[in-house]
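The following blocks contain the structures, represented as structure tokens.
Below, chain A partners chain B and then partners chain C, in two separate complexes.
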Partner chain A sequence: MTPPSTQPSTQPSTPPSKPSRLGRARGPRVLAPLVSGQEIVLLAVIGGLWLVLGLATPAFLTAGSLRPLLIEVAPIALIGVGMTLVIVAAGIDVSVGSQMMVCGVITARLLVEAHVALPLAVLVSVLVGAALGAVNGVLIAWGRVHAIIITFGTLNLFQFVGRQIFGSQTVNGIPATLDVFGRGEAGQVAGLPYSFLLTALIAGAVWWYLRQTPGGRHFYAIGGDALAAELAGIRVRRRVLLTYVVTGALVGLSAVFTIAKGTTTLDQSIGAGQELAVIAAVIIGGTSIMGGRGSVLGTVLGALLVQTVSSGVTQLGWPSNLSDLFVGVFVIIAVGTDLLRQRARRAVR
Partner chain B sequence: MADGSGGAQRLAMTGIAKRYGAVRAIRHADIEVAAGSVHALVGENGAGKSTLIKILSGAVTADSGAIAFDGEPVQITGTTDAIGLGIATVYQEPALFAELSVSENIFLGRELRNGPTIDWAAQHAKVVELLDLLGVPVRDATAPVGSLSIAEQQQVSIAKALAGEAKLLILDEPSAILTDSEIDVLFGVIRRLKEAGVAIIYISHRLDELFRIADEVTVMRDGATVGTFPMAGLSVREIAELMVGGILNEERPARTVPDAPPRLELRSLGLAGRFHDVDLAVRPGEIVGLYGLVGSGVAEIAHTVYGIEPATSGEIRVGGTAVRPTSPRHAQRLGIALLPADRKRQGMFAFQPISFNISIGHLGLLSRFAVWVDRARERRVATELIERLAVRTPSERQPIGALSGGNSQKVVLARQLVRRPDVLVLAEPTQGVDVGAKEEIHRIIDGLAAEGTAVLVVTSDLPEALRIADRLLVVRGGTTIAEFGRDASQVDVLAAAAGAGDEAVSA
Partner chain C sequence: MTSTAAATKNDPSPEAPENGAAEPGSLRRALRAVLTRRELLLVILLVVVLVWMTALGYGGYLTGPYDPDYLAGALVDAVPLAMLALAELLVIVSGRGGIDLSIGSIVSLTGMVFGIAYGTWGWPLPLAILLAVLVGGLLGAVNGVLVAWLGFPALITTLATYYAYRSLALVINAQKPISTPDIQALYSLTGAVEIPVIGRDIPNVPLGVFTFLVPTVVVVWLLLARTTYGRRLFAIGTNDVAATWSGVPVARTRLLAYVAAGVLAGVVAVYVTGQFASARPDAGTSGNGLALPAITIAVLGGVAITGGIGRVSGVLLAAVLITWLDAGILLLFEGNDGSQFQLLALGAVLVFCALLNAYTIRRYGGTR
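The block that comes next holds the complex of A and B.
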């Protein structure tokens, strides 16, 4: 056996103090910045696009063009608010399109066939959506199966349910009262459509909740490490359930917006493909697909960007396929940015 | 914080027992911890330390036994019970949320509120106060924890544990991931807490450091507490003896190693920040063991030899030629085969059949004209190896994920035997493997050496290191510090790895 190593006293005893993130004195900043870097970039890109489109097609920056854009954005951004919660908590919900179909057909038939009052129909739609979300949430939180599997299953299940309720192919004669949530003149304040205003209001509330309240912050903890969150005393299952229920409820409201912006006929294509548009908006908005990071503001901006692109492509008379291409590129850039950020962070350690 | 009386009994656990299915994790454990003292808990892997800690922190519930806290009998059936009593646990890997800020991490689950919202200013102030107590200066409580170093994250973990008015703080191998200067800071923190009357249970494999920080030590062996002793008057060697106990050194088959020039040589090998000046030589037919505790750098040495992380200093020689493997593929081409430590992540394709798991990496060899895989030959090689290694499976088409730990390890080992490698590096070859399979794997390794392979076994399993190695090198503090022959005793090796000789300096 070798003799014991030499005395520590022969070595320099004071280790060089390395710069530490903790040790750095800082001003009284107590909160993270209101807007993240990615959101500023998004704002700039949207602003730039609007400017370019405004110059290219003078009609773009008019109320007649921007209002439809906001009306189109509203349903996606609204579901996106819920989806942000889901994805921040490291889940995913690919069944929102089918949920919308169920909510939409129930609302339409209530209005057309049962002649119920609009507020009641809206309430029913929201409750049905919440119930569908609860199905997802319970299966995911207590079934311990990955969210993508569960919601892929319910995507098909809800679609079946929706088709059953449709019965015949379409629901005809959607009443004009719904126009308040759509294109009608009654449905706007200062040129802004009600549906978008409501979406902005809800998004603002959820943004504040996520940022400022313990409950909101806990979603980030769950997305970061569900087990550690559980050990910290967070009731992880309930919180996870809540994300899906909120998403479902918002899908319910969003279904009303979607019917309202359509024609007097509702067909079975309602909600089709919606999940991908919503998830794209959330990811482009800077929410990490791995969970633990994201913001509602980013999601709304993401939805706005996606809609700006597709509306711009239409107005420029380009083939509409191109908007898919652009959205794809944006998603890849957003995911790439997130990965690079995480890698840089690991390198810091 | 506690009353600071010091010496009053804070915790008494008596007659604790716990079994997981058929495994008796703890047969009988007694431990008493005084307020304002640092109580070390030591034992070999599998001695029952972690189970005891899990019982105390409420992660699992004891089958029998009694717990008294501050003189009162208590029931701990969940983590909330433990937290309610003021028992806080800091696990080895900081369980923090990278995306949340320092103050959010510390107050997670018990946020200071201002109406419905978080009172950021109050949390910030309290964080500064807590970090002051830990003896670390003004800090940025809003930095995301992910941007901090591991040592800083650990300080945040401790601050988090203390934010809940901890009376008993459990530190589970806190020093394993820290550098020496970071350990000094940690010990400063522990001393302050001790002065404040907090009782501390300190788990560590590095016995030498216990002499700097602990007042008493409780030794566990084979699921039972051996006893509690004051640190003063003990030596590392005596603690090691208590840990190893009366276990007889296993009978080892005598082996003769042919005299030949070394096949694998490491000369002053180093990887910045991980290990340095590692020297060893393995001759054809020789089995050299490399033993070190977690955090000693021993695992990184294996990675470097296999090209996962290229060395930053020194050289590797294979058959007398200096080589610098830069990837596992490169290392393989140089004739170095590796059995990875983390079998599930690095070694197995769980859903693929055994034959696939054996032939992967050798498809060039097993294919016709190096173009398509010769299925019949793949199957033949697989069946042959399954037979030779006594893998218990109905057929070579069985997915490897369906096999037991020992059998799947044999399959991963078989992959290295398709072509007998010149140099075989095995990292933790029998981790998570039952006793019977362990012995079989050891015999396979013996057999390989007998055929002329130079074998380097990197392990943190002491009996294994002694059983298998012709020569055993001990790694501590990132370098090889001692060498033992076939006649080494467990106590000698453990004492060397845990830092015998240093306590005289620090105590």
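The block that comes next holds the complex of A and C.
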């Protein structure tokens, strides 16, 4: 580190210690490999953590402990799927927590006060989320403002809307119809919670779409170079709008999951801080914050890792707030490896 | 993000400032002046807010008097906001997507360290303040090393350290605030004082304005406008590569911006501890935290999120504007509703200003 060379492009030598990766990058491959190196590392880290936690507290590796873990992972991973789209297209959305608050309170009040059927309530939640996402998308794509600034603003706006609907009190008596997505016996098949299965299904569909279809590849093109994508005939603005709308819709669904896994009382803390957990999961999953690279599979694994850490910290009897420290460290490690990979790629050229 | 840049480039020849000046019509010139001189716009908005709120007050719509005494008292909240906004100014101006989301967590963590040193260990006050400033600078240096030396993206790095610092602040004293008698005595730092000589004719201003805000503003202004470092900071923010080839130590300059932001956060931690008469583990992170309003104020004050543009005077005016607008909103509603409408105001103002900044850059090539 003696000469603090500031320009990544002038990085001299010191090729990362994986010559095999360099060899592979040289080929004319268009698609990324099915499972990236980052995802294998993540799997190994999660496996290692589970092993250590299993040895430290024997109760960890039981169904009674892993099932709540999956239920906790589901909302974060689900929003993460949308956030992966957003970040791959070189955007960011920090307003998802507030979106979840709006969707959550509308759904809860529909169920409790209007006695709406569950499917309809879920549909409304998804549509409301999509509408909120559309607000972000339009402002970002057509207002030509940095996504971080716009979504910081809408974070406040949506929170205002959510609190107004709450009317400065809690929503009580969430009905049992939501148990399908909840913790109880009604919410699982063969020991797997429905909310996680649904998340896995959606993640799989988006993973296939991003990887195998031209439409999916457009997002990577936009994240790589928006101007080049525009010139290549991609309708960049519509695509960018779509990423935020999809994220909003998924927030709507995960708001339902979040209500279902809670108690019968919904308070105003729903969604608070979710944006950080989701972005952390996406980044830990190997998606580059600069855009153009990333996969949904990695995001799901990232969410699993974040949740494993926080439930592990609790099970070890450490202060629960300590888990955020580990999440922060994991994010920095993930960004660091992403940077190393970028430099490796440049060194090849 | 990239899409916005690309879209701007696609525009058929955005007008250069010179072309704008040649346009006829005093109205256009006035519009141009308002849009390109952020301070002018802010002063106009400030007057609008003051007149509007005063009118509402006379109409009997407010729950309390919106008078000079109330406004002067409200400045107690402007002090931390303005200081943190100045910290964001330094970081954002440094360019390459510079931003510091962790600044609220730094306030929390250094506040706890200060509270432990001063309140629990009984260190003398100057030494404890020095410790807070050093810890703040150190935490900022962590951000700076990652961003400036190792080339990490600032947004995600400071998000990660936001997590980490907030977690440490909560764990360090098992989530309990520290409010020993020593710390409670610090409350006098924020009390209102009568200014000597002219004090009788104007309302009493919180002491923190003179002991914290004014020195900070002077130092930051001198740093930016009167030192080599300030010029270098604007240079690297405007064009990294050009600055490198001009022999500017880019990494060190950028690193120091993050350190300075951390130092400012450390000073704010001392102030906030006095304001609440206790060192709270969530001082800078409760609710939406302090980072978000600070960034909002910086953007409102005309700091370009792309770096290289920003002025102390704009940030200061924006801080006062937001503070007095918030203070007015609080009087406009009964009970808890006021704080909700503050969220609305903050969000709406941020989005409006961002759109305005983008338009100004396209139309006139940016604010001055």
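The criterion applied here is as follows: the second predicted complex is superposed on the first by the 316 of 349 C-alpha atoms of A that agree within 3 Å, B and C clash if a C-alpha of one lies under 4 Å from a C-alpha of the other, contacts with A are read in each partner's own complex, and residues count from 1 in each chain.
Keep in mind that, in the parts below, a residue touches a chain if its C-beta (ideal position, glycine included) is under 8 Å from a C-beta of that chain, and two chains touch if they have at least 3 such contacts.
Remember, predicted model here, so these are calculated numbers, not experimental data.
*Asks:* Now for A:122: first (chain B), second (chain C), both, or neither, which partner does it touch?
*Replies:* neither
*Asks:* Using the touch definition from the top, say if A:233 reaches chain B (first), chain C (second), both or neither.
*Replies:* After superposing on A, A:233 lies in contact with chain B but is clear of chain C.
*Asks:* Looking at the overlay, what does A:276 touch: chain B (first), chain C (second), both, or neither?
*Replies:* The answer is second: A:276 touches chain C but not chain B.
*Asks:* Could you figure out whether chain B or chain C reaches more residues of chain A?
*Replies:* C
*Asks:* Identify the partner contact of A:293: answer first if only chain B is touched, second if only chain C is, both if each is, neither if none is.
*Replies:* first
*Asks:* Check whether A:321 is in contact with chain B, with chain C, with both or with neither, and answer first, second, both or neither.
*Replies:* Once the two structures are laid over each other on A, A:321 reaches chain C alone.
*Asks:* For A:157, using the defined touch cut-off, is the partner it touches chain B, chain C, both, or neither? Pick first, second, both or neither.
*Replies:* It touches chain C, and chain B stays clear.
*Asks:* For A:225 in the superposed arrangement: first (chain B), second (chain C), both or neither?
*Replies:* Both chain B and chain C are touched by A:225.
*Asks:* Quick check on the superposed pair: does A:174 touch chain B, chain C, both, or neither? Answer first, second, both or neither.
*Replies:* In the superposition, A:174 touches no partner, neither chain B nor chain C.
*Asks:* Please report the chain A residues shared by its interface with chain B and its interface with chain C.
*Replies:* Correct list for chain A: 1, 4, 7-8, 223, 225, 227, 229.
*Asks:* Could you pull out which chain B residues touch chain A in their complex?
*Replies:* It comes out as residues 59, 79-80, 83, 95-102, 104, 108-111, 113, 116-118, 120-121, 124, 131, 136-143, 146-150, 152, 155-156, 180-181, 184, 477, 481-484, 492, 496, 500-502, 504-505.
*Asks:* Going by the contact rule at the top, pick out the chain A residues touching chain C in the complex.
*Replies:* 1, 4, 6-8, 89-92, 139-141, 143-150, 152-157, 159-160, 163-164, 168, 222-223, 225-227, 229-230, 236-237, 240, 276, 279-280, 283, 289-291, 319, 321-325, 327-329, 331-332, 335-336, 339
*Asks:* Which residues of chain C touch chain A once you look at their complex with the stated criterion?
*Replies:* 1-10, 99, 146, 148-153, 155-157, 159-164, 166-168, 170-171, 174-175, 240-241, 244, 250-252, 288, 292, 295-296, 299, 305-306, 335-337, 340-341, 343-344, 346-348, 350-351, 354-355, 357-358, 362
*Asks:* Considering only the defined contacts, which chain A positions touch chain B in the complex?
*Replies:* Of all residues in chain A, those touching chain B are 1-5, 7-8, 15, 20-26, 29-32, 212-214, 217-218, 220-221, 223-225, 227-229, 231-234, 288, 292-293, 345, 348-349.
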